[in-house]
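There are two complexes below, and they share subunit A, which is joined by subunit B in the first and by subunit C in the second.
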Partner chain A sequence: MKFSKFSALAATTALCAPMAYADGHMSNELTLVSWGGAYQSSQHKAYVEPYLAMNPGLKVIWDESSAEAVAKLRAMNEAGNVTWDLVDAVASDSMRLCDEGLAEEIDHDNDLAAAPDGTSASDDFGALLVSDCFVPQIVYSTTFGYRTDLIDKPDSVCAIFDLDKYPGKRSLQKRPIDNMEWALYCDGVAKDDIYDTLSTPEGVDKALAKLDTIKDSVVWWSAGAETPQLLADGEVVMGSTYNGRLFSAIAEQNQPIGMLWDMQSFDLDGWVMPAGLPEDRKARAMDFLKFATDTQRLADQAKYISYGPARASSAPLVGKHAELGIDMAPHMPTDPANAGNVHVYDYEWWADNRDDLDGKFQAWLAK
Partner chain B sequence: MSDTTNSGPVLAADGTPLKRSLARALRMQKIRALMLIAPLLLFVLLTFILPIADMLFRSVENQIVSETLPRTVVALADWDSESGEAPDEEVFTALAEDMKIAAEAKLHTRVGSRLNYENPGISSLFRKAGRKAKKWDIENDGPFKEKFLDIHKNWGSPDVWRTIQVYSPKLTNGYFLNAADMKKGADGAEWRPENEQIYWTLFIRTLIMSLAITTSCIILGYPVAWILANLPSRSANLLMILVLLPFWTSLLVRTSAWKVMLQQQGVINETLVWLGLVADDARLVMINNQFGTIVAMTHILLPFMILPMYSVMQTINPTYLRAAKSLGATNWTSFWRVYFPQSVPGIGAGSILVFILSIGYYITPELVGGTKGVFISNRIAFHISSSLNWGLAAALGTILLVVVLGLYWAYDKIVGIDNVKLG
Partner chain C sequence: MALTPVKKQTPTFTASVSAAAGAFAGLFVGTAQGSGLLGIVVGALLMAILGFVSTGLIEKEKIVRAVVLVACGIAGFAIGGLPAGIIGALFGLFFGWFVFWLATGRYRSRLAPYLTSGQVLWHFTFRVICGVIFVFLITPILVVMPLSFNAQDFFTFTPEMLRFEAEGYSLKHYRDFFTSDQWQSALRNSLTIAPMATVLSVGFGTLAAIGLSQPHVPFRRAIMAILISPMIVPLIISAAGMYFFYSRIGLQGTYFGVVLAHAALGIPFVIITVTATLVGFDRSLTRAAANMGADPVTTFFKVQMPLILPGVISGGLFAFITSFDEVVVVLFVGSAGQKTLPWQMFTGLREQISPTILAVATILVVISICLLTTVEMLRRRSERLRGITPT
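The block that comes next holds the complex of A and B.
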């Protein structure tokens, strides 16, 4: 009797001990915020499943709120009740969150894993560390898809402005970012001068005048799924969207769509940690962040979705698609064959001018 | 007879004046009633009225500048913005001190973002200066004017300093001016350049489109409600399910379905081309414009029009119509002079519901509105969720609220709010 009681106690203690030991100061819950869909599931498979295998007691909750993360984080912060631990955000949103004091600053070299060869995290990510509060995961690009059966193969982004050679409607995102740059580029402005030109009122007029030439032939989209659908329906003959969306339309759904990589606009998506988390949750989030952004994890994600890993050291590890079995490297926006002529997005410039230009762009649209 | 000569107050059985005793009994009743509704009252107050009041206050609130840069604001008060030159060293020293404190508390970029709404470029000036200011020793590192100019030449721009000066008071009408396509110029309010004007257009468009949607809901809904009210109850119930069915379907699904129907390669165009009514290269443009918005929103809001109409029409006694006809009225006269006036309260209730709902819609216009079908609520949503300019969003929302209340008041004056019935 005595013995069995004791052994039961011992067993309980033994069961509890490893958890208490390993997670002593870490929360047992982790709330991650992402975009839902194929992208979130690629994160779940590449980061969360192996992390859960290492931390059996942990509960991971996904919230598909990245699209309104900026506003919600601000509201949570003002209410003093932040329920999120890590938020997936695009780079420009991460800068805004950082500026507003809503995101935690991250010491990239101390908080993140070094590359397998010992290169420090900040060197491995390089220029992609665009904000002190941001840990990039993937490089994606906004680029064009076209109907291979309805128009000739375009070889330059300026095909969108050439209504004679490529008749039909095109779809563009309902925002000034990227469209203004493409307009100036196709109006003969040198790539290096685009932002200088756009900084002047005349430059803005010039870009809008160029867009004016195709305004009646444009369908404006606001959700990434729209362009693939419009292309599939034959409603537009070419249109911009995220490269991963085009990849799944082409490789997974076998639509007659081709990729136009010329002047693709690189952008980044990554983790942001809300400011002012309690210590135990912060420790848990930091531990996950370090694991989920190491070289192997970022390379693993490319098995499930065609976005390029943000670390230089991950690129050689990119393998085949987990289900389709096709080689993923040629579908990455960062692949040398695709990245011959890219548009380099100036985050700092857009952080300053986004609101102003958006006003002008919307006024132009409404006219 | 002594009773009648007693002019004192009437007393209750226990000797207290009847008036007081009655008041006490009533007061108890009132408190009990109040206690019963207290949970609801508290709930509405906490979750509805206070947040709205807080949001409305944001449209004029502007404490961030004077709270984060207190010394600069004081030093800058004497600076003449017309001088065409940046302020002197004294102001820059004050700014250096404020900036150092703000940067240590990570507040400098917030002010930068706030001022960037008014003058694009300020956000990066503050971000860059804050990074340097953290390492400054205010006592010994001066003069600071050169240091700021080294960080960015725009620190010497009078325009930047004018923005700081103009937006230093704790309350501002700047957001309301922005919401009316105006700005704070050198001598008070002035219009924005034409290529930046957008809100007036959108306010007027929102009102016109909402009116058009309300009208088309009345035209489509009235006959349906009439049929519903006059059918035997079994078939009426079946029809009612058809009316309610859209209610149970997701808004996004219904909107996407309209895309499939209306687009150029869509069901309607394909049919018309197949029938030879429309040439293949001249397909109708029915979506991504105002037409598409009106069609999709009319469909979505139609039940809100039909239901109040139906419940009012059900109460109209059919014998009135028969009486009118037996007295020699034609079908039209008996409808127009007898039936229609009795159904007006239903139209009124439905119209108010549909009009107010459509003013606040933004998902459907965003998806099917293209460039000409966008509402003011789309811009409010943008400023709430994307640009984080909540002050401007609050100002736009306040204006919209005032316009709706004004229309409600006008409706009350013209039609009379007593004349609105939900059943």
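The block that comes next holds the complex of A and C.
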């Protein structure tokens, strides 16, 4: 019964599909899922406002659910009722969604705009196209901010483990990713050996033992807004968070906070399209996706938030902050001055080991 | 009115009770300054001395109280500037009154003369406990209010705010609430969903309560239990169930779906309050009405409804507040197009800790207080009109 109904539906969709494409019929509603806050508003200003100006009848709805994108898409898929058109997700989530068949595969060269000089989209994004379902927008980093008035200027990420020289609480993200790597790095493991070490049970114990030395002084965060709040409060003297959040606290809110770029952990954020959208909605989402990820739009986004555009061709177009008028390039995680010593976070290693290490990390936290 | 003649207390008594109170206050001041233990000792010591001295200076009460007030104010000012000075002065005002209240034996005057010391002690301990509970309930709400006037974008009492300087305060978060599209559309959604859900809950809940109060209805208890279940089942379970059910029948992500879900959550409140008022309802009244030729509908609206109205109104109020405050079910059943105020506050709190949330919370608290006051006044008025003296 269920099957026949489904196949009938599929047949109808298949029949209607060419027609829908042919007359270019596109849905008048577009539901975008993102992270809220300053990041979502940068997307709204850089992509959505110009797109709305080109498409007057369109209604764009924002849903701030990216944090639980995977779980919600699974539930929507199970219930047969996908209400989202485009989802902003981090690279590892996009890989999981793609593997589970919950995300639409994108033909990067045909579906996306080429660079102004004619370079194809796949060359322009280059190595950042980590999954067939993923269209990267930005490169961001998880890095440290510190209170300039409460502690001395730290010059290495290992300051977080140095309670004597930098006394006070520090905030870390409540997950093993990055924290385990920083712990091993500061325990003397060479940068290239971090993932090899972490693949052994002894390596995991070593990382947890290092984290144990500061456990009593750590405030664990789960939302990106927490560390800026804790730093502004003076409740912690240093803490990790997304570099754009720190930029906003420093440049826009004038808080006494400094950036510690050492061993910043790069990650990608981009669009994912749920699989199996009705044709009119899919056509609308594709049209928006092509517009929103072109060279100029990605460069425009950097006017509002200090995340690096994912296209190589956008980098030269990065200008000044839209309201403050300061040069944005030096605040980008990809700026050479900031990227002297970076931690390249290994998506694939984490995709394979995440469940196991999550369990160990949670057990360690509860101890 | 003095029930018991007062008599002067011994210095030892005054000193020891004052010391206990001083230790209690010292615990809080000490903890705020970094050492709770030191605070207890210093507070107890200071208050013991004050209690001891003041027993001998009862004739000069006014002068001693003024001195204590000024001294505490100055001490507070020395520790933490103007705000601490004001708090210190308040402490001084209280403790100045407190020691003389003890020393002169005034505390005994309103109590019955036959009470033992133990009973007197319990009488006041009980009041202190009630006061402490009240403070714990109300402080979190009160703390939020000044923070919503913060000139910064963080949940922080800035030094400017603590110095009571005008530039530390601003109305920008209120302005943000009234001008931001997101907050305004959330407000609009809440204001269209909650009343509709309330109307449905009140209608169905009242009918169910009346039906279930008829003795001849079969399986009354079982039906009652099922109707009340949304209140007992964990919200997340109801929400997940509704999500999958509503998705299959095309109600997920629609305005009507959210209204229905909220109505289901509100119905138990209406049933409970209306059932409670029906207990005191005299059934012979409906028979009398029928005897005089009124049909059941007329009887309901002319006889029964006016009498159970207080229960219906308070049930409706609870249903409204449930819908207005609810975040779990709407996250599942609604889509982004039905984003309500609590949903917006929830995401705001998680993704961007902005005092706009506090401004909204303050507005909601003020509205709730107005709403409850109005209902309470209406209730008293109706009772007065019906000749029942409000208790």
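Simple rule for what comes next: the second predicted complex is superposed on the first by the 343 of 367 C-alpha atoms of A that agree within 3 Å, B and C clash if a C-alpha of one lies under 4 Å from a C-alpha of the other, contacts with A are read in each partner's own complex, and residues count from 1 in each chain.
The definition used in the following text is that a residue touches a chain if its C-beta (ideal position, glycine included) is under 8 Å from a C-beta of that chain, and two chains touch if they have at least 3 such contacts.
All values derive from a computational prediction rather than experimental measurement.
**Q** Should subunit B and subunit C be called a clash or a fit once both complexes are overlaid on subunit A?
**A** Once subunit A is superposed (C-alpha atoms), there is a clash between subunit B and subunit C.
**Q** First (subunit B), second (subunit C), both or neither: which does A:191 touch?
**A** After superposition on chain A, A:191 lies in contact with neither partner.
**Q** Just to be sure I read the superposition right, which of the two partners does A:38 touch: subunit B = first, subunit C = second, or both, or neither?
**A** second
**Q** Applying the touch criterion given at the start, work out whether A:303 contacts subunit B, subunit C, both or neither, answering first, second, both or neither.
**A** Once the two structures are laid over each other on A, A:303 reaches no partner at all.
**Q** Touching A:290 in the superposition: subunit B (first), subunit C (second), both, neither?
**A** neither
**Q** Given the touch rule stated above, what does A:96 touch, subunit B (first), subunit C (second), both, or neither?
**A** In the superposition, A:96 contacts subunit B only.
**Q** When both complexes are superposed, which of subunit B and subunit C contacts more residues belonging to subunit A?
**A** After superposition, B is the partner touching more of subunit A.
**Q** Is A:233 in contact with subunit B, with subunit C, with both, or with neither (first, second, both, neither)?
**A** The answer is both, since A:233 touches subunit B and subunit C.
**Q** After fitting the two complexes on their shared chain A, where does subunit C collide with subunit B, if the options are 27-35, 225-233, 315-323 or 333-341?
**A** The answer is stretch 27-35.
**Q** Does any part of subunit A touch subunit B in one structure and subunit C in the other, and if so which residues?
**A** Of subunit A, residues 67, 223, 233 contact subunit B in one complex and subunit C in the other.
**Q** Give the list of subunit A residues in touch with subunit B in this complex.
**A** Subunit A residues touching subunit B: 67-68, 70-71, 74, 96, 98-101, 105, 169, 205, 208, 215, 219-220, 222-223, 233-235, 348, 351-360, 362-366.
**Q** Using the touch rule from the top, collect the residues of subunit A that touch subunit C in their complex.
**A** That would be residues 31, 33, 35-38, 40, 61-65, 67, 75-76, 78-81, 83, 223-226, 228-229, 232-233, 253, 255 of subunit A.
**Q** Could you pull out which subunit C residues touch subunit A in their complex?
**A** Its residues touching subunit A are 152-156, 182, 243-244, 247-248, 252-253, 335-337, 339, 347-348, 350-353.
**Q** Please output the residues of subunit B touching subunit A within their complex, sorted ascending.
**A** For this pair, the touching residues of subunit B are 106-107, 109-110, 112-113, 116-117, 120-124, 127, 195-198, 201-202, 205, 263-266, 288, 366-367, 370-372, 374, 379, 382, 384-390.
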